[in-house]
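Input: structures, listed below.
Heads up, the next two complexes both have chain A, just with different partners, chain B and then chain C.
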Partner chain A sequence: MLDRTADNVARATPEPLAKKIRGISDKGLAWLFISPTILLLLAINIFPLFWAIYLSFTNFRANRPNEAVKNLGLANYQRILGDQDIWIAMQTTAHFVFWTILLQTVIGFTLAWLIDRKFRGHAFWTTIILVPMMLSPAVVGNFWRFLYEPQIGLFSYVVSFVTGIPPTNVQMLSNVELAPWAIIIVDTWMWTPYVMLICLAGLRSIPEYIYEAAEVDRASNWRQFWSITLPMALPFIMLAVLFRGIENFKMFDMVNLLTGGGPGSTTEVASITLKRQAFESWRTGYSSAFAIILFVAVFGLANIYVKALNKVKQR
Partner chain B sequence: MNRSVATKRSSWPVWARRGLMENIATAIIAIGFLMLFQPFALSLYTYSFVTMLAGTVMFIIVSKFPE
Partner chain C sequence: MKSTLKLALGLASAIFASTAVSNVAHAEDLTLCWAAWDPANALVELSKDFTKETGIGMKFEFVPWTNYADRFLNELNSHGKLCDLIIGDSQWIGGAAENGHYVKLNDFFDKEKISMDDFVPATVVGYSEWPKNTPNYWALPAMGDVVGWTYRKDWFSRPELQKEFKEKYGWDLAPPTTFDQLKQIAEFFQKRQIDGKTVYGASIYTERGSEGITMGAMDVLYSYGFQYENPKKPYEMEGFVNSEKSVKGLEFYKSLYDCCTPPGASNSYMGEGVDAFKSGQVAMHMNFAFTWPGLQKDENVGGDKIGYFVNPKGPDGDQFAQLGGQGISVVSYSDKQESALKYIKWFANKDVQAKWWSLGGYSCLNSVVKDPKFPSSQPYAQAFLDSMAIVKDFWAEPSYAPLLQASQKRFHDYVVAGQGSPKDALNGLVKDWTQVFQDDGKM
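Let's look at the complex of A and B:
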């Protein structure tokens, strides 16, 4: 049946095209099939990257496309790398990335370890835990705004119930001290299931006979955890840290929806600064240089983690 | 049935092997990354990008070196 279909397709091919295809080698045919993907990648990934690199050396402004573009050399880079405000935005990003990754990894691994116990109804709870990850960041941002509302927000009432502070005083999004933590809480709530899923895959890949051998050797549960579970799940944990690290480093949507970088600039992470420079101040060349700096940082980070991951795998 | 196996010695210098050079490149990237995010000195932040870029370029080059 399949042969007949293939035969019909072959017969339907116009003769000049069929003649051409017959002359193409297997390698040529492979290139022919992947070339649309390569062209698409070049058009939407590689070309914009090189264009951004070019713009980073100019004073180009996207809102004044007809203005003459002047080559500034390394001036944009020098300005960014001497700018105190951007330095502070980098520190805010580092604070955000550090705490989200730490909390997500600890909570995610603990949840994965508990789910791996295979208790009654573990499949149901796995599905429930995964729900936040499946939601759109725009939806999550909006409903957490409601939850954080001092007047009507459930979060404020829970905090008030536990601490005794009046709910109107729990101003998570407008308090300078609390606003960064409000974003960290939401990001942790949303992405811990993702870390849990990767850790669970790691825990499920550990062969049962290793634990049986440890039982024979009378190793305690604690010893089994430190000598078997953690080392064997480590490549997976590191993979989760890598993915979340890169994602959180360029985090934009949640911060923009929850605080928009405020109050003041306390939650102004690098991506928010970049957006302000690019689409509010319209300094396209300057913001391109900033984007290239962030790109190099993420690229370098990815190299370190891939190397560390290979090292752990070789053990 | 002992067959002598001829081992081909690489002429590539030992100090320039991939493992060692990758470690150096990784260390440079890590230092650059810490310089970018540290809250102590603006001058360290200023030179962080050059350090990271040098480390990344070095990593790309040395990852093609023989083991």
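Let's look at the complex of A and C:
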């Protein structure tokens, strides 16, 4: 039936077109099909990237399109790498990435491990745990800002109840020491379920017979965890760390909503600095150079990490 | 059959004609871009008269203050045609003029006999001129505004508080005339129980993201002796921006933040200030005058409970206030410049300006503000007039944005985060601003 249809289509195709189609190889046809996607990617990803690389060597400002564009060579890169404020922003970002990943991995894996016990009502609790992840970051940022409010915020009252410190003294977003932790807490609250899901997939992929064999060998629960569960779930954990690492490196929305980078510059992560330079100070060339540096840093680190991940998977 | 055909054709022509007419009218509608705030609502009301008079419809594009600059500067930079008229912030004037975003209005003013001498001088310099103090006009002063203070008149007038205050500080509890007095009052009210509620001294600007802390700190620094540059040598900032007097001013602003603001007020600007005052949290409240009509009408804190005062004097008796407000300009990328200019001409009219004031807008026209009835026309009118007489504004250079970002960072780092000293903050500011002007080739 199919053959007949194809035959009919072939017969119905005008001879000149049929000749042309017959002349295309399989590879050519494949290229023909994927070319729209490639063109789109070139237009919205690759071209802007190369354009940004070009701009990074110039003094171009998007708010002064009529001004002559001067080639500055590596001056923008030199200025960024010698700028103390940029290094402080990078340190703030590193601090934020490190603690969010650590907390989300530990809590996420623990939750996944508990959910994997398949206790009564585990499906219900899984759904409840996933709720924060389903919310919009804008909503999360706004309601946590209210929760942290020293005079009316629930968080301040809970801390006050537990510690005895007056709630008006619990100034999570105004205090230089506490503000970074305020953001880390919110990000952990929101994205731990994501890590949990990936870890849960990892735990569920471990074949049951391995545990049965371990039982036969009289391996303790602890031994089973260290020798079976953790090594076999490790590639999944590493994958979750990679995803969260990349996401948190470019974290913007939560910081912007909660603290706007303040107090002072204590929570000014690299993405906030980049936004200020690009869209508030309109230093397009300078900010392009900064974006390229960030891109190379994330790309390089992610590559090293993926290689490590592949090694773990091969073991 | 023929008559049916004629009827059908007639109907079709009528429908076509009416649609075409409505489309023409629609096409002539002007779009005015501004911030989303109370005066914008008053302008919508006022503009109905313009539509009545000219038949030109008005559409409005109002954006919240937090996105106002981003949104409209993007629009102007991309040569967008969204706005035919724009009420742009005073600091944009340099960039908008030099980059060709605004239509120069000199010829139009000459033709229509609109004289800038008819407007409050500070608003002409602040909202219309570029370069400053030259007769090159890019906007018509539209909305006068200035930073001033409101206070809780009802609390200030309580005999028991007056007595206690006098005993403690040796002078009568009244609106302060110096910053030292302001701080004493703020300290007096800080964490005081009033009607069973803990209240605080003052709400001041501390916002980090846009321009808040700069507007607040400058409001104090000017009266302490801060100057942007050497009056005899433009762009020479060393010894002016970071003078000893400026250092004292910034130190004072931090001390006011540390001692006398409500808990968590580390990112407050106009909206947060209004909230703090309306909710009865603070005894005094720093804010732009545009907030005053709304506060005056407030059931809980308005009416007889609210008073207004001009920015106090500094230690040497100098008294200045941060200018706010905007001028209205015609966007050079608009296809409806002729109609937009008609709007400007209409808006400059004396009667329209008088109605503008009565609706809650702040007119900049001399004939309105110098009217003998003006000071008593609203409880805040005198404070507004006195404040407008002592204004100073931030840089209005084409590079105002990076200049502002630098001051936001330096001030917030010191005042709110407590990092470094006031001298470090101002030295850093000189360094940042010098870099900006060097990049611009002005130094």
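Everything that follows uses one rule, which is that the second predicted complex is superposed on the first by the 289 of 315 C-alpha atoms of A that agree within 3 Å, B and C clash if a C-alpha of one lies under 4 Å from a C-alpha of the other, contacts with A are read in each partner's own complex, and residues count from 1 in each chain.
As a convention for this text, a contact is a pair of C-beta atoms (placed from the backbone, for glycine too) under 8 Å apart; a residue touches a chain by one contact, two chains touch by 3 or more.
These numbers come from a predicted model, not from an experiment.
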item	value
First (chain B), second (chain C), both or neither touched by A:282	second
Touching partner for A:137 - first (chain B), second (chain C), both, neither	neither
Contacts of A:303 with chain B and chain C, given as first, second, both or neither	first
Which superposed partner A:176 touches (first chain B, second chain C, both, neither)	second
First (chain B), second (chain C), both or neither touched by A:84	first
Residues of chain A defined as touching chain B within the complex	77, 81-82, 84, 87, 90-91, 93-94, 293, 296-297, 299-301, 303-304, 307
Complex contacts: residues of chain A adjacent to chain C	59, 62-66, 85, 148-151, 168-169, 171, 173-174, 176, 256, 259-266, 276, 279-283
In the complex with chain A, residue positions of chain C that touch it	69-70, 73-74, 77, 79, 95, 99-100, 198, 207-209, 262-267, 281, 398, 401-402, 404-405, 409, 412-414, 416-419, 439
Chain A contact footprint on chain B (complex, rising order)	22, 25-26, 29-30, 32-33, 36-37, 39, 42, 45-49, 52-53, 55-56, 59
